[in-house]
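These notes concern the structure reproduced below.
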Amino acid sequence: MKESKSSLGFDFIKGFIQENPTFALAIGMCPTLAVTTSVVNGFWMGIAVLFVLTFANVFVSLLRNFIPDEIRIPIFVILIATPVVIVELVMKAYLPAIYEVLGIFVPLIVVNCIIIARAEAFAYRNPVMNSLMDGLGIGAAFTVNLMIVGGIREFLGTGQIVFGSAAFPSVPFFEPAAVMLTPPGGFITLGILMALFNVTIGAKGKTND
Amino acid sequence: MDDKLLITPAPHISSVKTVRGIMLDVVISLLPATLAGIIIFGIRSLQLVLASVIAAVAAEAIYQKVAKKPVTVNDMSAVVTGLLLALTLPPDAPIWIPIIGSAFAIIVAKQIFGGLGTNFVNPALAGRAFIVAAWPLHMTQDWLNPMTHDAITGATPLAVFNNTGTTSLGVKDLLLGLRAGSLGETCIIALLAGGIYLIARDVIDWRIPVGYLGTLALGTWIFGSPNGFFQGDWLSGILLGGAVLGSIFMATDYVTSPVTPTGRFYMGVGAGIITLLIRVWGGYPEGVTYAILFMNLVTPLIDKYVVPKYYGYMHDIQARKAAAGGGTK
Amino acid sequence: MSIIAIIIGGVLVNNFIFMQYLGICPFIGVSQNLETAMGMSGAVVFVMTIASAVTAAFEQFVLARFGLEYLRTIAYILVIAAFVQLVEIFMKKTLPGLYKALGIYLPLITTNCAVLGVTMLNVRQGYGILMSTINGFAGALGWSLAIIIFAGIRERWQLMDIPPALEGFPLALISTGLMSLAFLGFVGLFKGLF
Amino acid sequence: MITIKKVFGGVDVPGKKELSKDCPIEFAGIPGEVVLFLSQHTGAPSNPIVKPKDKVLRGQMIAEPQGTVSAALHAPTSGVIKAIEPRFHPVQARMADAIILQPDGEHVSDESVKPLASDLEDLTPEAIRTIARQMGLVGLGGAAFPTAVKLAPPENKPIDTYLLNGAECEPYLTADQRLMTEEAEKVIFGFRAFMKASGASRGIVCIEDNKPDSIEAMKRAIQPYSEIELAVLTSRYPRGGEKQLIQAVLGREVPPPPGLPLDVGVIVSNVGTAYAMAESILEGLPLIERIVTVTGEGVAKPSNFKALIGTPLSFLIDKAGGFNGTPRKVIMGGPMMGAALRDTNVPIVKGTSGILVFNVDQVVEEPILPCIRCGKCVDVCPMRIQPLWIAAYSERGLMEQAENARAMDCCECGACAFACPAKRPLVQWIKLAKAEITAMRRA
Amino acid sequence: MLNAIIALGIAGLVFGAMLALAAEKFKVEQDPRMLEILNVLPGANCGACGFPGCSGLAEAIARGEAPANACVPGGKAAAEAISKIMNVDVAESMSEVAVVYCQGHEHNAEISAQYHGVTSCKGANMLGGHKSCAYGCLGFGDCVKACPFGAMYMSEEGLPVVIKEKCTGCGACAKACPRGIIDLVPPDKDVHILCRSFDKGPSVRKYCKVGCIACQLCVRSCPQEAISMDKGTLAKIDYSLCDNCGICATKCPTGAIRDESAVSREEVSA
């Protein structure tokens, strides 16, 4: 296993561009679509993933020399499932409303491809600090993505963006399009955003030739 | 170049039909219904139609310009889309509704897939479904009374019919279109005239409208009455709502309907069944849009599995057997 | 009657793809041609149905009995993963024909969030073992319907000029959006029966 | 009377036969140069047996068949062999070896050109087949399949019915119509020779109903022969396609390729071929001339010529009064299946039934638009395949899928492309696919 | 707490044992490269690649049916590792380059007809082509489309140009050309007779400014006697004898012979 020579800064920032999980790699689609009816939902979902991802990355990286190759996948699953359960319990206790809205997508973080992919592709073959930065970076990028999608859908769908107690006032003459909060709106918004990413940022920072 | 001879593959003669001509035929066939809509629901209808058509053509032209593709608005397909979308709108809908609907229809449902011939759902219906989901109140409440043109309160005749199985409207009113409803769906006579024109001009296949309306009539007769089976008012069932408009002008859209005659019949029957499902047991009073959209989705499957038996099919197996039995060529 | 309602609800009304956002990754990934989509569908129906039954039983006889509901996530994923492996072994031995048709799709299913998702939904709905099984079966049918339709549509993409920016996922997502527009029509279907 | 069965597909095409249908057959004359391709037929090219500078006489064999599926070639007139060199082959659309003959204008016949028999009773089936091979007979309907091969079906596939194809469903062309009207007796004589050679007990003459004069003439000619019947078909393209004819007249369907009509006990021959057979037996004249319709809005005086094989197009067009305006398209064959040529400096071959000249007004120059899946091509395809998909696969190079869509079944009749509102060159795409698939199979 | 540990522990043990057993029992003989690739793949089985799971993709890559970078979640690391596994001396395969044996673009060769149909060389060739020369380039770029390496482009005049540095000598273009005017030659050869017309001199002269008119000046001038006449009407170089001297190119009256080293020298000096 070749150790990465990339800088910690790069490991953090790459998640936003070359390895942007949503727009460049197109993984973790289900939560990206399901919970992005508002910025707040997107934010908390993103934070949950960020935590799980960082936790899993760090532990996989720590244990990478002790995990036998053949059964690494089951071990990854355990290392991922544990923080997921923690997140679930914490959310249930402190953010019951959000937990209710996010529904089964919190436990489903367990099967989110982003996490197992990072564990396998990065943490399993990189030092702890790099893995930590990778987890934080990808997680942060994922959070930002969810908030962008959530923001667009929330604004177009309700006419305003509510975050905590603050709410952007609605624009005059604008009739919110309820469709943006429904699945069709979600799919189409994400599809268009991805296409836009492809022609702008993605075109510049292509990972593979 | 004209002094040189032209070489082209055979055949060297061609039918007079062109894509543009076909689209023009569709537009012509829609004119009676459009006119009827304008007469029945007032000049407001004309504004909606114009807004929709202009927006559709503009959307197509702008997209093609931006995407650096040849601008093909003169094939008239955008006009057809805009016109069809307008005819499905409530007559009192705000003017920006058809504009957004047409833009969505042309850009998202059609152009990004590569333009004419490559979209998999009927653009006009996708546009309509989109605005129904986006602004449901406008699309379900902005009705007008026929001839008096005042806003309507209470349920539409179709909603009443779905709940009670009866309608207070006579067949004559239904045929003339003197009822509340979408701009172009009410005047059945005008729609039928357009349909007959299209069938006579060999533009559409009769199997789709006949299969559709036949299935819907049969289903309405069986299930359409709250009093029991086989008592439904099947005639009102097909005349109320947009089934005639949809079956003649939308389900028959070439690009999104099967290419084989049998496949087209299945398309009609399938759309009829789903319309019935939504009308009788569903959450919406009208299911034509969704029924046709759903059949659009399964059209590739129909095309794949419903294919005509090729020439010589009957002998194919026999011939193979003979060949295996040592026969020579 | 409620069984029929659950099935129709799972297939048309609460379709996993178009309404619940479950199993999107394989839906887009494995829908490039009809045959693969059908193989995948068969495998999903098979696994989802039995996974629902097994997890419901596990819930009832282990987790609920010992008050370990908070371990549900971790327990389910283990149960499903192990179960899929078991099925694979069993199938290879006893049903080689079926294994050939479905076997290669089995590993893909463990991480299909629809499988874990449906078991979670079952618990939330408070379904017993029988209802869970039916719900899992219906959900899988709906997922299969979606992917088979989509594969049919996608097979035509090879005959189209798609703008490069839209190729792959973007166009797949927009298509899915348009498809779910059509499925919106089923919202409220058989409401009286639920 | 024969009841005509329903046939799927086909298109109604403008007949345009009136341009030349009343013009009697005239001998076109001897051109300044005769170009005889070694490959004018299906199968192996013939093998030249003359050298440059050799003197040859009319009817003398100048190239012999090579292998079973091949045909002999004869000098159409007397003269000197100028060269054997590649020339542009109008049908194969590439350079191909040809014997160039410089006529001396004498038109002296070889001594072999003498009556072989006057009555069929004097000939055995084997003798008839030998004559067909010696005389270089090939199907004159277009495909140019060697007649001798066709007349010798394998023993396990007995022939019960022989169809004489006088449908001539291609628009514009009237060569067969004139031949049937003017030479009915000889055509039937040749037809009877075919029947005898193949062992068929029943013969049916098939004519489209837009040729009343031919029907009348043929009716009279078959009067004495109870085994020969007449089938009058409604005119619709491609009625005269071999497979469609069998389907319409007998209700049988030929198995898909490589199936042949003889798999269902039928042989089909063109009236022109029957006439050539009669000429071979009665006059000892090999296939050195044929009836060619020179027509189209672009020629001054549409005509039906008896022309020597190898006569340049320009010669025949001049005989027909030259161009009528500026030609835009010159087609060898009919408008549905013929080949457009880039100049008129090419010769006719054995399979050439017509020369068609169009001015700008008759030429379709619409842009090729995307397929709108109207399904018109599916509705008209006589082979009941779906041209739109095959063409689309071919366009994208997806040849395996094209093959699965039954590209090889295509009979290239052109009905689909005729009907296509988007003016897509469907047949060309399918032909390209067929070529690729054939190459793939060979590999 | 204790319950949890016991339950999970037991479950883990049972499942672990089961998985180990299964892994042991059903070890199937497979392409070793496939196993190697499978090892590098993330094992997420997410299906984003379009294949049924990671093993499906690994198999496809091993069989060469999928590109090395097909795994999206695996990212660059996986792609690099896989290409290393799959790397079968790609660098050394450039033993030949493609040469287009025609210079008859629209200014050089006469166009005798207008073509309207399937816009491809194959399509045009089916109808004999729109140029007078029945041997030369048709200019629709079938070869350019066939090139998997982007090593060809169409010049402004409508002739395909090979980018020598990118050409791998795979021969896809030669196969795509319906007129067979593209051939593979050793990359160190600079002098080529860029004409494939077997027509006689006078007719070539009529329709093409740069065609071989069979004057045989090159045959006589070649010190290596590497040039001979094919069928008497077309000069041809035997590359095994040619030493790139370029004398023939200077003698050719029509410019049908091209000396690339001379051309590049000119470009440098200019």
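Should a chain be cited, it is by its letter among A, B, C, D and E, assigned in written order, with residues numbered from 1 in that chain.
Methods note: a contact is a pair of C-beta atoms (placed from the backbone, for glycine too) under 8 Å apart; a residue touches a chain by one contact, two chains touch by 3 or more.
Here the structure is a predicted model, which means the values were calculated and not measured.
The fewest steps needed to get from chain A to chain B, moving only between touching chains, is 1. Taking each chain's centre as the mean of its C-alpha atoms, the one that lies farthest from the centre of chain C is D.
Top contact pair of chains, counted by C-beta pairs, is B-D. Distance between chain C and chain E, defined via averaged C-alpha coordinates, is recorded as 43 Å.
Separating the centre of chain C from that of chain D, both taken as means of CA atoms, is a distance of 60 Å.
Mean C-alpha position of chain B lies 32 Å from that of chain C. With centres defined as mean CA coordinates, chain E is found 41 Å away from chain D. Residue positions 4-9, 108, 114, 118, 130, 133 of chain B each touch two or more of the other chains. Residue positions 339-343, 365, 395, 425, 428, 431 of chain D are each in touch with at least two other chains. Contact of a single residue of chain A with at least two other chains is seen at positions 26-27, 74, 78, 113, 116, 182, 184-185, 188. Touching chain E in their complex are the following residues of chain B: 1, 4-9. Interface residues of chain E, counted against chain D in their complex, comprise 112-113, 116-118, 120, 122-123, 125-130, 134-135, 198-199. Against chain C, in their complex, chain A makes its touches with residues 26-27, 29-31, 33-34, 74, 77-78, 81-82, 84-85, 88-89, 103-104, 107-108, 110-113, 116, 182-188, 190-192, 194-196, 198-199.
Only residues 175, 177-180, 182, 184-185, 188 of chain A touch chain B when the two sit together in their complex.
Those residues of chain B whose C-beta lies close enough to touch chain A in the complex are 108, 130-131, 133-136.
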